[in-house]
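Two complexes, one shared chain (chain A), two partners (chain B, chain C).
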Partner chain A sequence: GGMLAAAALLVLLAAGPGRADTGRDALREELLLSPLPAGDVAATFQFRTRWDADLQRGAVSHYRLFPKALGRLVAALGVRELHLALTQGFWRTRTWGQPPLQAPAGAELWVWFQPTVTDVDKAWKELSNILSGIFCASLNFIDSTNTVTPTASFKPLGLANGTDHHLLRYAVLPREVVCTENLTPWKKLLPCGSKAGLAVLLKAERLFHSSYHSQAVHIRPVCRDASCLAVSWELRQTLTVVFDTFSSGQGKKDWSLFKMFSRTLTDACPLASESKVYVDISPKNKEKELLEVTPAPTSVLEAVVQGDKRTYAVYDLLSPSLFNTSRSLNVQLKWKRPQDSSELPTPILHAHRYVSGYGLQTGEISTLVYNTHPYRAFPVVLLETVPWYLRLYVHTLTIITKGKENKPSYIHYQPAQDRRRPHLLEMLIQLPANSVTKITIQFERALLKWTEYPPDPNHGFYVSSSVLSALVPSIIAMKDVDVEQSPLFTSLFPSSDGSSYFVRLYTEPLLVNLPTPDFSMPYNVICLTCTVVAVCYGSFYNLLTRTFHVEEPSRGGLAKRLANVIRKFRGVPPL
Partner chain B sequence: AASAQVQLAVPVAVVFAPGSVPGDLPRPLPFRDVEEMEISVNVRTSVMSRYEMVYRGTTAQEEAALDAATAREADAALHPLQDASLGSLTVYVVPETSSLLPQGSSVYVGKHRSALVRAGGGLAALRTRLRQLTQVMSFTASSVTAVLSDRVPDGQLGPDTRRHLKSSLGYEITFSLLNPDPKSHAVHWDIEDAVNRYVQPVLDKLSLVANFSVDSQILYYAVLGVTPRFDKESSSFLLSAHSLPHVINPVEARLGSSAASLYPVLNFLLYVPERSHSPLYIQDKDGAPVSTNAFHSPRWGGIMVYNVEAPASPQASLPLHVDVDMVRVMEVFLAQLRLLFGLSREELPPEFLLESPGNEGLADWELDRLLWAHTVENIATVSTTLTSLAQLLDKIGNIVIKDDVASEVYQAVASAQNAVAELAMGHLHSAFQASKKAVTSSERAFFDPSLLHLLYFPDDQKFAIYIPLFLPMAVPILLSLAKIVRETRQRKKEPTKMD
Partner chain C sequence: ITDVLTAIALYLAIQDFNKVLFKKQKLLIELDKYAPDVAELIRTPMEMHYIPLKVALVYLLNPYTVMSCVAKSTCAINNTVLAFFILATIKGSALLSAVFLALATYQSLYPLTLFAPALLYLLQRQFIPIKLKSKSFWLYSMQYTALYLCSLVVIICLSFFLLNSWDFIPSVYGFILSVPDLTPNIGLFWYFFAEMFEHFSLFFVCVFQINVFFYTIPLAIKLKEHPMFFMFVQLAIISIFKSYPTVGDIALYMAFLPVWSHLYRFLRNIFILSCVLIACSFLFPVLWHLWIYAGSANSNFYYAITLTFNIGQILLISDYFYAFLRREYYLTHGLHLTRQDGTEAMLVLK
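What follows is the complex of A and B.
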């Protein structure tokens, strides 16, 4: 009897004070703090709004936690899935390890549309324009010259029954600069704004004083429950920052929330059903207890994340015991041995890209992909988007692993059209165990029309990062976890099975110089010609307007003048 | 100049019940008559109104309908017998002794497009009354000048005339619940049901005028821009009338613009004050509390403050569960909606009796009023848009007009002329449709991206580029000019020296 009553109470609590006919919505907020080698600290915020309503065309118009601006967009334009990331800086996978979420420098937008959308290009154009208004970003510069439709790299992350890639659009603007003006509208979408909960830490002047800043919005349909008969919509707002605490903390690797954000946590967002702070305290190099967190965590979580066993100290802001002793929470981490140089093991998959060659006519793009797994080979999908003004020579494409040619098992190449669309190159490459694969392709630089150059053309032209998507074999077997129960930072990418995990990596964006004309030349030519014309005109004018009349040689030559001077001295009248 | 010839024709049928025919009728029934009135907007623009009256006696069916016990029943019975087209009016003149109208009132305006008038006082008195009545049911001089307010010189308009919304092809209505203190108040409102029950019938009726979309949202931690003043006597917080203009701005940043459409947005905000500022009351200019605790902002929307009753016991656990009484809220919002559309029922003589519009919130003749005003406004907008387009083209001689832009302009002109012609014939519905089409076409032409004047190289910059040519060329010319001047001066001086 008691058990039953308790269960009934639980159900009541779960149903909450909300009503049954309007869709239930729930908010979860989470902050993951992970110390990186070399003293950097990565902070990943995730805010997840889940709405048990079907956001189809015009069906729903009453919003509670889900922001109306985005909901209307999804409904009006037939969006199935939307991923927008605005990033400043570059995530150094080699030294910082695998990120929970990486994004390329600049702005990245990829969208799956509903099959009911007839004109995908029109909806895409409209969507990017509206998003640029919502987020104050220059997304309106997304047009056909930087939009591609990848065939293999970007699968829907949410619920999808068809993956017809004609409904997918992908674009990156590597030149986009991210700043406070983009952060403010992003914060405005949070139900609690930046007034309560974890979002009080989002102070712009600290967030942009960092080595890496990436904010993102992910909208996708998800299963409402295990039976998956109904659809819920999920909005994830993520923000990742990397603070260089080592250089700003006088050579110490210790940090605290206050030192990083100049704020502390005082409460959870009253609308959130879950509000947690995770601190990565995984023991490194098998030496335990190297670091110490204060205050004592609410609990400790052990999980397998990205193929590695991790330990997290968890602070549950909703647990009443947390704010009993002090009114605010200032998580602090101290290293017991200050001169500890903990080297992160090299990530299994990482990549590196550069442009080589000399002169302004041809060049070469080289990509190095590393597989450091000691005994497992795995395939990787590489996506390259190159603007049309770099004319790729596909016959020069070479893929070399361990000195031998590596033939890709799948290749999709869409050549560029001048001023219309970029090059798209997608390849599925097998990476042998413990190997480096070098992919090179040569290109020729095109000449642009003088109006096509951006401001400051001598800065160079950006080529967006190439994208590597792979199922990386895990060293430790992972368990299937319930998405609703596990921490948010583990649940954006669906895991296929226990033996591998999904990784998407972005390489460095490239900066390529194009032959740039001297833009002042036309003006110089005009000036020079005009001066010549004016000088000619002047003498001609003089010639025409001067009146010439014969003058009597009254003064005579030089001799006569000299004689006159002498005569003047002598007091004799001149000649 | 186009609106100078606009003529609004209203077909009016005046039906005399037996025993109500005035003795001094000029001709035997039935006959036709025309009454004209000129509404002058400014020196150049005026609108001609033309009431085309048809005087006739009742038919047998109408006579039977007029035998009803009350005016309301008679109105309902007469409705199927009338000319149902938009804009046309039917006035039934009943005998002076008729018991249909209650004592003291001599005019009854029904839910549809008809009215009952008590006879008496001869033809002249009847005519005055008819003029008043037809203006109430169609348009008045002030309602026409209000929609043409852009053309009226400043200072000649009352404060109320600028309250009306601009005519548009669609409107978005957003209801927002502002909860600045979610820790203390867990506020719930059943907006979906309230919209279906109270707002949707009105919008269904208004769907003839424009497209409407309704949505709602809840905004947490959204505060008003003004800190209310604490009043010790009533132990409540007060917002004075002069601080209301500052209330909206900080809220507006959170409301979220309508990114997906270009229609104007009507905002209706329900504000639940935070616990530390409750209860909160709005004061009018004289310092008296406003009974509805609400105010509206012209062309923007309305705000209502909804106070939460303090819990009986101070130990009550927070957050306090609050269920909003949607009937009270929607009453205020619907009244504000009517105000924003300029459908207030204020300036009426005391002997006029108006039937309440019922659940639809809007009588047929009120819809007509809106259509008359919007049609005139649309025609004025088209003429303004096309005039400024013409001015732009005059300014830039080498501008490129694409074929599709040209056809839009032709279509806008044709539709506007069509609308004017239909108005003069008294076909309100087709005139309104034509004016809508004209607005769409003219805006499409005006906002065409190829007509951006910045795309064209301005002439003054051409001169700047050629300055290296013009300057050195000008120097010898100026020098020789100076020389000529000097020489002529010397030539003038020399003769005087000779003297």
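What follows is the complex of A and C.
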């Protein structure tokens, strides 16, 4: 039914004023407000531009909603999928629940290239440099020492003909800081900019005053319609921000758009075909609602998201009835009864990673993966990228579940080469129901050349987050999702069947100290070492080129003669 | 096991060497090459009887050997191959000596410099005088060189067939020569290259590597009559200046010190040097712990101990060299030297 309606809609639109050029493009924008168990609020913005044009083949010159910078990038470098995320903070899965889309701290970039690209590394280097210019982020630090080619973890999220993993590149810069300079070019890529629609809420001084801020760009090819004969390009720009009760809300747990963003919504973006605000009002414990939202929503939607049945209050900004009473929309959430903080529902899959050991020579990285599902076991793919200067000892890798050793069914390990590439460890681990799995590996720290240390060497070196990808079994069966009709936050990841949903989790980044040489000493060290070598050279030179002689008594040099003259005056016998 | 093998090899080698030395001494006495009053400098069989045993014991009981055995380092295997090489050379078998030298060079490049003393010893044993114009000299040298190169080529090709690629050559020899890994060790290289300006790093790598190979030719010219001492000095230079020295290398050349215990009266600074070496050996682990684990010391502390330890070793070797040369002078010119006017004379290097 949905499919037919979508096809009919397409036909109608196509019959309308056609463009002489290639395809049409459509923009949908959406904001999802989900109150988190601990009283914080997560706001996820998604802006989806779908363009029915073939960027790869035709020389496209007329860009309307799709940003020209990204379109030309995709066409010129043969990019099939691009995912770039800039994040500050860490999503606390244990207390906040499963995120709709998580990103690791810092900058993350992973790209699938087209099979026509011959030199993938060269294209990757150019791509990271161009993106660094577009987003004002130092992505140009991405080079072979932090790029890996995962084999199992990052499967394409869009259309794919075949997955030769040599066309995939993945890099993380954990030390990257996100600030207003990165937000401004991101906003500029939106068709309405920050002048109309949902993007007016994106003000930097409120967005960065939060516990977690993540902005991402996803480009992928999708089917144009159900028959999938042609390819459209989809650009999703997502921004997730978590506002903290105490720092932003002044201790009270009542939220409103004005309190969060210091702005309210006045209208929808004129270029958007759909502009909605969803508020998660799912009741916990199947009781009456926990939240009260004002003003009254235009409709209520029930959907199964991430294995859970959820209820959403929908505000459609394009519907004329919304702005009848007031010129602006300020969604307010009030808690009906006090939040019971002891019953925090734990997500089915969450992980924790830490580094242990003392001293600057060795250490151990431990990852704890929790499966809290009461009766279902499922496998998880763990990807770890460790920089080359922490030399991993793979023979010390142990995986222990419930006290017994757990052998992974697939291991891919690529050892590091000094100053050329990092360690890559990918494993497929089966997690039994209701268990904790501990994965430990020991490493040794290397001494680097003094120019290879960052400006603050005693701060330490970051190890990027490890990635856990899993198909988590869901409690409630999920129906197949029609991308055009359903909310954007349900169609992020392609779902293969209705019984499980895809989740990608990131663990904490680690901070590891390395032994440092003394940075004030280069000249001294050179002089002293060369002195030692010179001592050897000097003594050997003496012994090799000189021979023993009996000492002849000499008549004395000038000093001796002068001393003798003085002695004669004193009346003392001469030397 | 390899340590015991090394000790046995050294014992047999020194036994043979003593016999040869004694014969040579006898010959020189008969040829009246020695001055009349050097009777106390001549070595007697009595005192030389226990030297091989002392050599073996010094090697086995040396704390450095014990440490490298506990650490399960491959240095013990290196030492075994070198000891067998020395045994083969002293026994006079050119083929075995070439094979063992090729094995030792295959493991780490530096034993290449031991080619010269081995050649000199074998020439001496065959009674071929070392004159550049002598045909038999060139003939024998070519024979030995050919044996050595052939065995080396055979071993490298074996590795190639095992691995099916030439990648092992840059990984093994390129690594030794270009020093990319800067893990602190007891040598001089690591901190030097950790603090080196990028611009000059290639230059200094070349300088340091040439420094190891450089002393071979001058020493060969000076010590062509005494190839065993030349071998000892060469071994010591390799173990001090190689790119990744370990205490196992030091143990090997220290095992030879009893062979020259008769030089004791001519050593000038032996007390200070042995104190320096022992003190530094004790300070190494202490300062390492302070730097890496306690965090209260700097890398400079450990580096300073590295410097003093290496200076101690260098001065030890040059001291022994000086004593050796001095004894040779006394042997040919007499022990009690007088000047022209009859007073006691001083001996200086000029």
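Heads up, the rule we're going with is that the second predicted complex is superposed on the first by the 487 of 575 C-alpha atoms of A that agree within 3 Å, B and C clash if a C-alpha of one lies under 4 Å from a C-alpha of the other, contacts with A are read in each partner's own complex, and residues count from 1 in each chain.
The definition used in the following text is that a residue touches a chain if its C-beta (ideal position, glycine included) is under 8 Å from a C-beta of that chain, and two chains touch if they have at least 3 such contacts.
What you see is a predicted model; the values in this text were computed from it and never measured.
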Partner chain in contact with A:V535 - chain B first, chain C second, else both or neither: both
Partner chain(s) touched by A:T547 [first = chain B, second = chain C, both, neither]: second
First (chain B), second (chain C), both or neither touched by A:G133: first
Touching partner for A:L448 - first (chain B), second (chain C), both, neither: second
Touched partner set for A:I526, first chain B, second chain C, both or neither: both
Contacts on chain A seen with chain B and repeated with chain C across the two complexes: 526, 529, 533, 535, 537, 542
Contact footprint of chain B on chain A as seen in their complex: 17-19, 21-22, 61-65, 67-69, 72-73, 76-77, 130, 133-134, 188, 191-193, 195-196, 270-271, 523, 526-527, 529-531, 533-535, 537-538, 541-542, 545
Touch list for chain A against partner chain C, complex: 358-361, 418-419, 446-451, 515-518, 521-522, 525-526, 528-529, 532-533, 535-537, 539-540, 542-544, 546-553
Partner chain A, residues of chain B touching it in the complex: 174, 182-183, 186, 188, 190-192, 195, 213-218, 220-221, 253-254, 256-261, 319, 321, 465-466, 468-469, 471-473, 475-477, 480
Residues of chain C defined as touching chain A within the complex: 180-184, 188, 190-198, 208, 211, 215, 218-219, 221-222, 237, 240-241, 291-293, 295, 298-300, 303, 307, 310-311, 314-315, 318, 321-322, 325-326, 329, 337, 339, 345-350
